[in-house]
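Provided herewith is a single structure, encoded as structure tokens, for subsequent inquiry.
Letters A, B, C and D mark the chains as written, and numbering starts fresh at 1 in each.
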Amino acid sequence: MPHGLAFDIAHLLAGGLVLMSFLLLYQVRLYAMLNIFALHALVLALSVAWQALVQGAPHLYITALIALVFKAITIPVALHRIIQRLGIHREIETVVGIGPTMLVGMGLVALAMVVMLPVTANADALAREDLAFALSVVLLGLLVMVTRRNAVSQVVGFMSLENGLVLAATGAKGMPLVVEISVAFSILIAFIVIGIFLFRIRERFDTVDLQALDRFRGERR
Amino acid sequence: MSPFLAHIPLVILLIPLSAAAILVLLPGYRLSAALNMLATGTTLLAASSLVFGAGQIAPGQLLVDQLNISFIILNSLVGFTTSIFSATYIGHELATGRLTPAYLRFYHAMYQLLMFAMNLALLANNIGLMWVAVELATLTTVVMVGIYRTHEALEAAWKYFILGSVGIALALFGTILVYMAAQPVLGEGADAMVWTSLIRHVADFDPALLNVAFVFLLLGYGTKVGLAPLHAWLPDAHAEGPTPISAVLSGLLLNVALYVVLRFKLLLAANPAAIAAGPLMVSMGLSSLVFAAFMLYRRRDIKRLFAYSSIEHMGIITFAFGIGGPLANFAGLLHMVMHSLTKSAIFFAVGHIAQIKGTQKLAEITGLTESHPWLGWGLVLGVVAIAGLPPLGIFMSEFLVVSSTFARQPLLALPLVLGLLVALGALLLRLGEVAFGKPTGSMAPAEASYLPMYAHLSLVLVGGLFLPAPLVAWFQHVAGLLG
Amino acid sequence: MAVLLSLVVQAGQMALVLLLAPLLTGLVRRVKARLLRRRGPPLLQPYRDLWRLLCKEVVLAENASWLFRATPYLIFAATWVAAALVPTFGRGLMFSWSADLIAIIALLASARFFLALAGMDIGTSFGGIGASREVMIASFAEPAMLLIMFSLALIAGSTQLSTVATYMASAEVGLRVSLGLALVGLAIVALAENGRIPVDNPATHLELTMVHEAMVLEYSGRHLALIEFTSALKLLLYVSLIACVFLPWDLAPPGAGPAAWAIGILAYLLKLGACACLLALFETAIAKMRVFRVPEFLGAALMLGLLGTLLLFVSRSL
Amino acid sequence: MALAAVLATMLGQLAVALLAIGLAGRGAWAGSVLYAASAAAGAIATLAALASLLAAPAPPETLILPFGLPWLGAHLRLDALAAFFLAVVNFGGAIAALYGIGYGAHEPSPRRVLPFFAAFLAAMNLVVLADDAFTFLLAWECMSLLSWALVMAHHHSAANRAAGHVYLTMAGFGTLALLLAFGLLAGPAGDYGFAAIRSAPLTPWLGGGALLLAVLGTGSKAGLVPLHVWLPLAHPAAPSHVSALMSGVMTKVALYGLIRILFDLLGPPPGWASMVLLAAGGATAVLGVLQALMQSELKRLLAYSTIENIGVICVGLGLAIAFQANGMTAASALAMTAALCHIANHALFKSLLFLGAGAVLTATGERDLERLGGLIHRMPQTSFLFLIGAVAIAALPPLNGFVSEWLTFQAVLLSPVLPHWGLKIMVPAVGGLLALATALAAACFVKAFGIAFLGRARSAAAATAQEVEPTRLVAMALLALACLLIGLLPGYVIDGLAPVTRDLLGAVMPAQPAAPWQPIVPVVASRSSYSGLLVFLFIGVSASLAALVIHRVASHAVRRAPAWDCGYPEPSPLAQYSAGSFAQPLRRVFGTSIFRAREQVTMPLPGDLRPARFALQMRDLVWEGLYLPLAAAIGYAAERLNALQFLTIRRYLGMVFLALVTLLLVLALWPSF
């Protein structure tokens, strides 16, 4: 495989992941977000698979498969059902407007580049680009978590963050334990989703009912 | 190295793991509590035998060196005393019906699993394994915090879970970056994640990459340490879970997370071109200290109060390691040990107090030295120690922290001292209300085991006056390593 | 032999102040009366008063304690000792070194301390009024006195009255502003300490204005006699003090013969007479002030003392 | 040898403390035995310390124990200064313990007192003996902590608890200030042994910083204005024999710290330091005594009076610095001797007064002056002893208080020779303040003794009070005797202090002439001299003479009758002058500005039968101007930050996010990149 092509495709896929993150940031409706996330996971799966191919590391296919099956299919479906069950599918809930959020997102991507590109001067270009994109995805995922009120959209944010991690992990050539880590994270996410489902945590991420919080914590006068 | 000692690390891991497996199946409170104690006790014995091993032992993916040996012993010790405390504590919970037998079985298994996870994190010679262990420890404690299944407990567990997950994610990113830095030097594969080989070659790593990695690791594991502004989970998790877990959280888990941070600081210190990790740790430590000191004033829940005090002390320790130098590192290590012992002793007292009084509200607990002298004076001693007053151990470590800061960064000593003073004022204010005055609430005699509490306190007392020479030499050696 | 002689001289001084004290009081009263165009009591009236009081029975309040009965003797002794240590007709008497000016002031303060306590012993409101006002006045008079003494000590280089007097009589001293300020200050303090107009009126029993008299209201008979005697002694002490510092002429030097002593005594009598006349004149010319004006009055003395000290620094270093 | 003896007694005290944990409360005998043991240990240590002081100039004894900082050990050193303070501490301690034998029987919860009491004594000893910064601070803070526990002994009162809180917080402040001071003194090398600190050179700036911090640290413990606020709260709250220790002895240990750091560790202190001490001392003396005058609670009054005396001592120390900085070592020795002498004297008479107050407290159950009165009839011995203490503290001859005040004034009078203009002007002004404070102190103790012991009983408790046990009287009598002896024979004390000033300043006061009549001569006899013995004899002889003559010639008749009171005797004892009314003239003069005192009289209209009402409002400007704003600021910050406890998870995540972005930004902009 010629190096140029391998690099370009990897670059494309990683860039696509960043783009998907931006789309996530842009979406305000829950269903739309879930769909975008499914796409996000799909791009990740492709990217991981490509890395598996390029690096000649077959175990990475497992990670790709997990991403595909678990994140692109199972979780979105599960969340769909939760949204229906909780009856929050119509909610539009962002803390700040989309415009400023996107601007901040741009800034984050720029930050990721500034931090990462000079840093990885010694590493090969593939890892370098990958890492910068991965950091962007991580930061954007955090941004999603911070700017959304709804538990489900925050979970989506967390999962996109985690996708960034997997991207970084697979980009690091020959990193051991990648599969284990992706499994561990999937379990974590499953826990979160189950938590939302079991405990009916609908708004617990950002309750506006301060009195309720006081009662819970017994801390205020 | 004797072949016998080479297996000890494995034993330390296997005992809790197998105990967890047995405990999950074991019905009956007395039996499982006894087994719990037995398991932690034997772990302690095994861990203590590590003292006899000179130098490093690194069987497989595990590592015992000067740095972690004290942590392991401390971990096993507090784990053991907490299991003794837990036996009486849980008995009472069972009697009052706050816990059902089914959950109890679960509780003991989780306790051992937590011990396993923490010991694994301490023993791991692989930064990936370390990460996995910390995650496991987090998950088990999440479950334990939520074990009462009250609204508040679930809320606390949930918060802990979410913040912890984000922290874990950040830590993982940092770990990946370290691997990336190591990979050009050590080549692909597992070797680039093994700590012993990392430290040997770290001087050749890309320093810039290490810097970024450290930011992520500090924030990621710092969330576990409870550094402000990443601390939010800590007070609620301490307050809403069973008190033995609060004791283990404050006394051990925070230490384990900090230990991991220290490991990475060691890496950075060994690379001359990397930025000093110091300034970052100093600023995080100082902000935690000052922030927690002010937060102490408005606390109405006794366990939250001491949880914030843990944040404060973690801040001090992080600060000390950030300042660096043999003296400050020594102080940090000493403070870590003393804080673990003291804080868990305080939680032992608090646990019994809250059980007797049936409340955790500070306003409803007064006059303890009169109604329950043993508990009350134990609490007084503990708070006096935690406030940094002599002749208890934290006084010595705070003395060293302040004086070493003064020697290196005189201006930083001022906010440090102010933070200490503000915290002192708050703790004494609460102590005056809780331990003195006319007793209120239930006067029922305590069914408490004073042994763990007073054992810890006497260790802290001795530590404040007299440190045995081998311990000192050992700390000094580690402090030298930490740079 | 010499020791015995100086002992006799010291005893003579003690006897002298004892003898002259009522006379000085009588003289002041007499001159005052004359200034008011009254005939006034005879000069020896104070002696008669004392004798009459001594012969009367003591009426003791029911709850008077031992302190109340002991106080007259104590304050009499303290004041007498203090008066005996101030040079009157001669310098360098045998025991003059046993206490300097500070100690003399402190002896007077002891007397006042016990008198104020005695005033409170019976538990009447008048005793309390007197005691509380007395200590207020004293708390201004004492610092003022100390600052005055400070400037004196600066000039003379000593707080020992004999040394001060020697220095003052010598030619080195010259005329200084500080000395004038000190004199005025000392006069003010002396008025206050002796309960003279304008601070207090020794002749009144008008209830709310009295200070000293209120404290001793419960005393009678021989106790009262001692207290009256003490007041007279105190007046004499202050006059002697002013005389020895500001009119230091013709003081007999230590170890001098009877002739010098005779001259000294004569000069002393003259000085007393002059001071008594001045005091009477002043008291006639001025009205008594309200109690709460007194701090301001004494504050003036305090300021004068401080000013005198500061001026000295200026003059010294220039 | 002496050091070993003192160490042994310290161990003895600790043993007493440990035994007391188990035994106290098992019956009166246990308390008595333990207190007696503690008193014996104190007495032995006093003797050892005195022997060491008199044996000087022997080289100081040193000892290194394997405790404390591992690489340093606990260094102990017994030199002349330490020996002097050990004598003060242990004598005070022994007397307090002796008093405790009787007083302890009245203690409702002996377990909260006895263990801490004995340990407290040991801690104070250790402060004085410590020869490295760690041991010093350890002992220093232990001393605070143990006395805090003693303040909390009567913990049911909310005021006591508040006092304890303020106290220990301020103590923490002091310790941290001292810690920073030692940090500066030890320098970057960080050798905390005093020997190393002594020999290390220090730049003027660092030395100045260390000096100010040391003044802050020790001043907060000694009660220098404006760091004194805890003292009048905490001292009265403790049991009375502990109050005596805290006021009489612990404040002296604080001053020991000041002297040790300023004169010994710092090397010769800079001249400007004298101005700091003089200003602080003068202000402390006057403010302390004015506050004391305004109090109506006996123990609180005594506590404020302690503040005054600390001010007086600080003036002496300030003068010593001023003289030394200008090369006048003899004058400096005089000022230092005056300060040390006052330290010993104040320890004696303040202990005596607090013990007296304790006797009153147990006999009547009252601490409020307004409910006492007439105790001189019910408790004659206590009254007499208290009177001696009052005379001594009022600095009246021939007792000891006068001696040290007199020496201080002599030092003040030497100041014109100082070359520095600021000092030239400042010292006389401070001298004036000192004189004012002395006069006010006399007024204050006229009030204290007059209201509490004289007049008629203002409450039933005061009317039925009983004299206290003989052991307590003996304890007080010993103190009174010491007051008298030092007052009469001050020359011995001055000579005894010579080794201390020689060590610290390299100069001594002239040896005091031994005979005849034991006069003391600060510089030369022609300048000033004073003989307490002679004055005492003189007064005694003249008083006896007067009594003799009067009994010969005068009428002996005595008739008891109702009080005259200008013909209008008031039957109710409540019509007597009260503590508040006694202070009224001085309150009118000083209080309106310094305490913002406001009096309000509500007179009913003529014909209205309601009583007239008098309301008095006073404010503590230091408390309101310094401490309340500080507390408010902390409260405000705490309240504001507390909002962070009630955020949602999203916001907490936001904080994590912000922290991450900030750190990354910092990293991106790091100069090395």
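By definition in this document, a residue touches a chain if its C-beta (ideal position, glycine included) is under 8 Å from a C-beta of that chain, and two chains touch if they have at least 3 such contacts.
Worth saying up front: this structure is predicted, and the values here are computed from it rather than measured.
Nearest to the common centre of all protein CA atoms is the CA centroid of chain D.
The chain with its Cα centroid farthest from the Cα centroid of subunit C is A. Counting C-beta pairs in contact across B-D and across A-D shows that the higher total falls to B-D.
The geometric centre of subunit B is 44 Å away from that of subunit D, both derived from CA atoms. The centroid of the Cα atoms in subunit A and the matching centroid in subunit D are 68 Å apart. If each chain is reduced to the centroid of its CA atoms, subunit A and subunit B end up 31 Å from each other.
Here the spacing of subunit A and subunit C, counted between their Cα centres, is 98 Å. In subunit C, no position touches at least two other chains.
Taken residue by residue, subunit D touches two or more other chains at 645, 649, 653, 656, 660, 664, 667, 673, whereas all remaining positions touch fewer.
Across the assembly, subunit A contributes 115, 118, 142, 145, 154, 204-205, 217, 219-220 as residues in contact with two or more other chains. All chain pairs in contact, by the document's touch criterion: A-B, A-D, B-D, C-D. Residues 645-646, 648-651, 653-654, 656-657, 660-661, 664-665, 667-668, 673 of subunit D touch subunit A in their complex.
Note for the complex: subunit D touches subunit C at residues 373-374, 376-377, 380, 387, 391, 394-397, 402, 406, 409-410, 412-413, 416, 424-425, 428-429, 431-433, 435-436, 438-440, 442-443, 445-447, 449-451, 454-456, 517, 519, 525-531, 534-535, 538-540, 542-543, 546-547, 550, 553-555, 557-566, 569-570, 573, 575-577, 581-586, 588-589.
Residues of subunit B touching subunit A in their complex: 128-129, 131-132, 135, 139, 151-152, 154-155, 158, 161-162, 165-166, 168-170, 172-173, 176-177, 179-180, 183-184, 187-190, 192-193, 206, 208-209, 211-212, 236, 239, 298-301, 304, 360-361.
Interface residues of subunit B, counted against subunit D in their complex, comprise 158-159, 162-163, 166-167, 170, 208, 211-212, 215-216, 218-219, 223, 229-230, 232-233, 235, 275, 280, 291, 294-298, 327, 367, 369-370, 384, 387-391, 395-396, 399-400, 402-404, 406-408, 410, 413-414, 417, 420-422, 424-426, 428-429, 432-433, 436-438, 464-467, 469, 472. Per the touch definition, subunit D reaches subunit B in the complex via residues 66-71, 112, 134, 137-139, 141-142, 144-145, 152, 155-156, 158, 161-162, 164-165, 168-169, 172-173, 176, 179-180, 182-184, 186-190, 192, 634-635, 637-639, 641-642, 644-645, 647, 649, 652-653, 655-656, 658-660, 663-664, 667, 670, 672-673.
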